[in-house]
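Consider the two complexes below, in which chain A is the common component and chain B and chain C are the respective partners.
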Partner chain A sequence: MLRLEKRPSPSQAWNYATPVLAVLLTMIAGGILFAILGKNPFEAIRLIFWDPLFSEQFGSYSRPQLLIKAGPLILIACGLAIGFRAGIWNIGAEGQYIVGALCAAAVALWFFPAESVLVFPLMIVAGALGGWAWAMIPAILKTRFNTNEILVSLLLVYVAEKLLAAAATGFLRNPDGAGFPGSRNINQYPSAANLELIPNTGLHWGGVAAFAAVLFTYVMLQRHILGFHVRLAGQAPRAARFAGVAPARLVLICLGLGGAFAGMAGMFEVAGPARLISIDFNAGYGFTAIIVAFLGRLHPVGIVLAGLLLALTYIGGELAQFMLSIPAAAIQVFQGMLLFFLLALDVLSNYRIRLALPGRTSEAK
Partner chain B sequence: MDIGAINPVFLIASLMVAATPILLAALGELVVEKAGVLNLGVEGIMIMGAVTGFAAAVTTGNAWLGMLAAIGAGALLALVFAVLTQVLMANQVASGLALTLFGLGLSALVGQGFVGATPPRTEKLTFGPLTDLPVVGPILFNQDPLVYVSLALVAGIWWWLKSTRGGRILRAVGENHDSAHALGYKVRRVRILAILFGGACAGLGGAYLSLIRVPQWTEGMTTGAGWIALALVVFAAWRPGRALLGAYLFGGIMVLQLNLQAAGFRIPVEYLAMSPYIITILVLVLMSSNRGRTSLSAPGSLGRSFHAAG
Partner chain C sequence: MVGDLSAGERQRVEIIRCLLQNPQLLIMDEPTSVLTPQEVDILFRTLRQLRSEGKSILYISHKLEEIRAICENATVLRLGKVVGRADPRQESARSLAEMMVGQSLHVPTRERLAPGRPLLAVRDLTLAPQSAFGTALKGITLTVHAGEILGIGGVAGNGQDELLAALSGEVRAPAGAIEMDGQKVGAYGPTARRALGLLCAPEERLGHAAAPDMSLTENALLTGAWREKLVSRGFVSYAKARDFAERVILRFDVRTPGPGVAARALSGGNLQKFVIGREILQKPTVLVVNQPTWGVDASAAAAIRQALLDLAHNGAAVVVISQDLDELLEVADHFAALNGGRLSAPRPVPGLTMDQIGLMLGGAEGEPHAAA
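Showing the complex of A and B:
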């Protein structure tokens, strides 16, 4: 029989190895899934992981997409990772992302068509504030009434989606849009547009913000007392209280940061790649960012790598959809499997697996 | 608009239909949580139940085979969660989320060929002259069989948890897994079985949505029902009877807002559609604001993983 023996502290080597192993296992399981769907698994895996970057035919289009898709994922995941480290589960980033985008779009549309250099920074502030405010709902309910932040933040995603629908068909609808749902095209409003900074790289202000968020998260978690408190609260809540860490303050900070980052991601998206507020504006970045945060081991550098990888699965998934008519949902399954394998393999970093031969076990159960 | 057009008898009869999927899922999750496990994958399991049940029913032409398939699919997906959290000691919150993300994707994949199909009809039960009674007839004696199944499940789980040896062991495991282990109970086995039961219930709840309540398959059709079921368990303070009350209250809100939408109430549809989620949040706040009571009624070992030392 195999027996698990808890390690005194998690194994560092496995900590680095498990994400890589999880990706490999996901590729194998994904290949089996594609084979079941009647597609050539090797071709599908190549299309998803190789061709977007290195193919002559698609590379020039898909390489810039990498930064476009990875930007919001990394930005949101950084905020989530801070909370997850402290054991504060904000899983409603998708809602905070939507509300951030709505607030930013509202600011842009309020100024339209006036041109000013102030519009864009104001939109960033509005986006961050919108996401922050949406995340403050579960935060305050948690600190004031001890309400479970997991359920509240998640339920607020559905509320945000309805709000988005109301905005697209109602209060933010393009008055010159002949009654069609959707706002004005913010991307074509020069003062508000979030354009590519360097041609053909896919780098827009969202990518810059993601990079800044990574630096911020790194400094905060590794070098600042607040990061120490976050980690302490996550690993030893009792010790944290004795050390004078106020749990309520931590909840407000963690959820607030997560919300602000997600709201900013929404702002950069609506002014950039998405171009306008539409009913189906949100693309699930807020949920995929949860996978990014875990795959990146809740560490900013890991999050960058994980964000790029999951961005690749988005782009490769579209490519596979186009070339092999693999359904879009298959990529979602793929991402879900990745998280499964990662969580399953974590047992290797937290436990030693020992072969327990019958008769030689000394302990009495 | 015309509020008078809303018929109260019809409203109550249909709120029972609206409440049944959440009630089924909540009852399953209640047992899981009583065993000390927090499964956040209810939404993913429900939607897999919905698509499997629908696909099986359309293919075989028999709604009951669909329900059985949904129960199986729910238990199977729950087994993945059980292996992750009980055998591989993975974090329960993260594993539950993974289950939901995976289930949403897989259901969309499986359901592709079934969009727009019509499932076989499930007939409502009739009880002869009882069904023809005014008011009581349409409410109590003219529902589909699963409404009665869900009601029987409420009573059954209540009785089982309270009065049987198995129920007491399950509660002991959930209250304090170390003591239960010291007494010789198989903590891990009890929890795995509870998780499988919870999955089966959530799967059936999902199939009820796609086969009876809607009845159709659309991507992401559970729209948060699984999360509402999770909230319902908190509202119920882990008691089956209160889960029934909560589910019917909630079903009432859903049906009422749909009726108001249909009656052309002067509030945009989107705001009315928000109301179930907002009310769920308000209820959660009300329930949890009384710190002492919630912490007393919540199972002591809820969400903590168990590893037998030595």
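Showing the complex of A and C:
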């Protein structure tokens, strides 16, 4: 019989090994899935993980996409990781991302067509504030009425999607757009456009912000007393209170940071790759960032690696969809499996598996 | 409902349930931890009765006087191994204790000092319980002077945790209800109180006094952040925190490979030494400890008690909350009892008899004693 035995201290080795193992298991399980769908599993896995980066045919298009897609994932995941470390579960980054984008777009369209260097910074502030304000709803409900932030933040995503639809077809609609849904093309409004900084790299201001967020998160969690309090509250809430951490303050800070980061990601997206507010503006970055945060062990450096990997599954998924006509949902299943395997394997960090033969007691530790 | 009974009554329900089943062999593990001396007497009478009826009793306890009082045969365990057998009636509590720890015991000593100025004053502190099964504090009043140790006894679940939380600042009180060295601190949180020198060590080591999965370095930071200046402008110096943890480990003889070890990997006694040492090394003006030697082996317990005595000797005011009456009588200058969230008037320890203590614990205290 297999038996789980709690380790005296969490295993560092398994802590690093489980994300890698989870990726491998996802590839195997995904391969089986593709085989059942009647596709060549090896070709599909190669298309998703290898070709976007290294094939001559697709690489030149796909490689810049890597940074474009990883940027928002990393930026959002950094904010989420701070909250997750504290045991504050913001599942609604997708909604905060949408509201941030809407606020930034509203600022841009307010100034349009005036040109000023202030427009772009103002949009960043508006995006961050929008995401922050959207996250304050679950935060205040939690601190005042003890509601569950998981449910409130998640359900607010659907409210944000309705707002997005209303904006695209109503208050932010392009007045010169012949009645079609969607705002003006912000990417073509020079003061507001979030353009590629170095040609053919995919690096725009969002990538720079993601990098800054990684640094910020690292310094905060590893060096600042606030980061210590965040970790303490997540691991031992009573000890945190004893140490003098005010739980309500922590909820406001963590949800606020998560919301602000997600809102900024929305801003860079709407002014950059997405170009405008449209009904289907959001691409699920807010949800995928949850996987990024966990796959990256809630550690900023891990989040960079995980962000790049999940960006790859987006790009490779599109490629596989296009080349092998694998359904679009398959790639979401793929991402979901990744989180599933990771969480399942996490047990190995805290427990070791012992083979206990019947009739024989296991030796003492 | 059993949930509405006091901890001592709950314990008696459990013991009676066992006795009702007419046992041949009765195994009891620390049955007296939540009983008053009078209740212990009743229990012992019952156990002797059972013995005379030819039943066997296996009695597990760390209270050596109890073992000496009712057992004919003692087996001494250390770290899961049998290290000795004895007839406890032929041994002294001290020789049994030495058998337990495997070395000769240091008996804490100190000279008693004339008390100095009042450092901690609690006036009519009344607080509703924080949880469904918590105890409300009712009109707690106490004063502790420089150089004095106030022992607070009481059967478990009579408001000990709540009193510690109110003193540490985890639960806020009206500003004037708690005064430290003349300053109203009732409305302050734990950080502000620590800054003034009011330090605490709660009973539950893992999860309350220390974070189980964090290293000793991080656990040193947990309460030492500001007083030990481990933080400057919000940034933590982990080198200084490790340094502080190492000083605690060294000074309090914490057996561990080093400050990088997770708190949960330490034995209860070693972690307790770390938790108490962490507060004492911060040179508190007022120290409040709850169950400072709970589950700690006899030599570590003696070291902790000696440290508390030294601290008081150097002019701090110390409050020791404990269910171990022997411990309180050994270290305390004054004794008060918690019962149902009320605190009896403190009495000087010299001259206090077990009978009087039992009455105080039971809530039937005598005429209010003039405040010490």
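Keep in mind that, in the parts below, the second predicted complex is superposed on the first by the 361 of 365 C-alpha atoms of A that agree within 3 Å, B and C clash if a C-alpha of one lies under 4 Å from a C-alpha of the other, contacts with A are read in each partner's own complex, and residues count from 1 in each chain.
Rule of thumb we're sticking to: contacts are C-beta pairs under 8 Å (C-beta built on N, C-alpha and C of every residue); 3 or more make two chains touch, one makes a residue touch a chain.
This one's a predicted model, so the numbers in the text were calculated from it and none came from an experiment.
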Contacts of A:10 with chain B and chain C, given as first, second, both or neither: second
Partner chain(s) touched by A:351 [first = chain B, second = chain C, both, neither]: first
Partner chain in contact with A:147 - chain B first, chain C second, else both or neither: first
Chain B - residues contacting chain A, complex: 40, 80, 83-84, 88-91, 93-95, 97-98, 101-109, 112, 219, 223-224, 227-228, 230-231, 234, 268, 270-271, 273-274, 277-278, 280-281, 284-285, 288-289, 291, 294, 307-310
Touching residues (chain side chain A, partner chain C) in the complex: 8-10, 223-226, 228, 231-232, 235-236, 238-244, 246
Chain C - residues contacting chain A, complex: 168-170, 189-191, 194, 200, 202, 204, 207-214, 218, 221-223, 225, 231, 234-236, 261-262, 264-265
In the complex, chain A residues that touch chain B: 4, 6, 89, 91, 141, 144-148, 150-152, 154-156, 158-159, 162-163, 165-166, 169-170, 287, 290-291, 294, 327-337, 339-340, 343-344, 346-347, 350-351, 363, 365
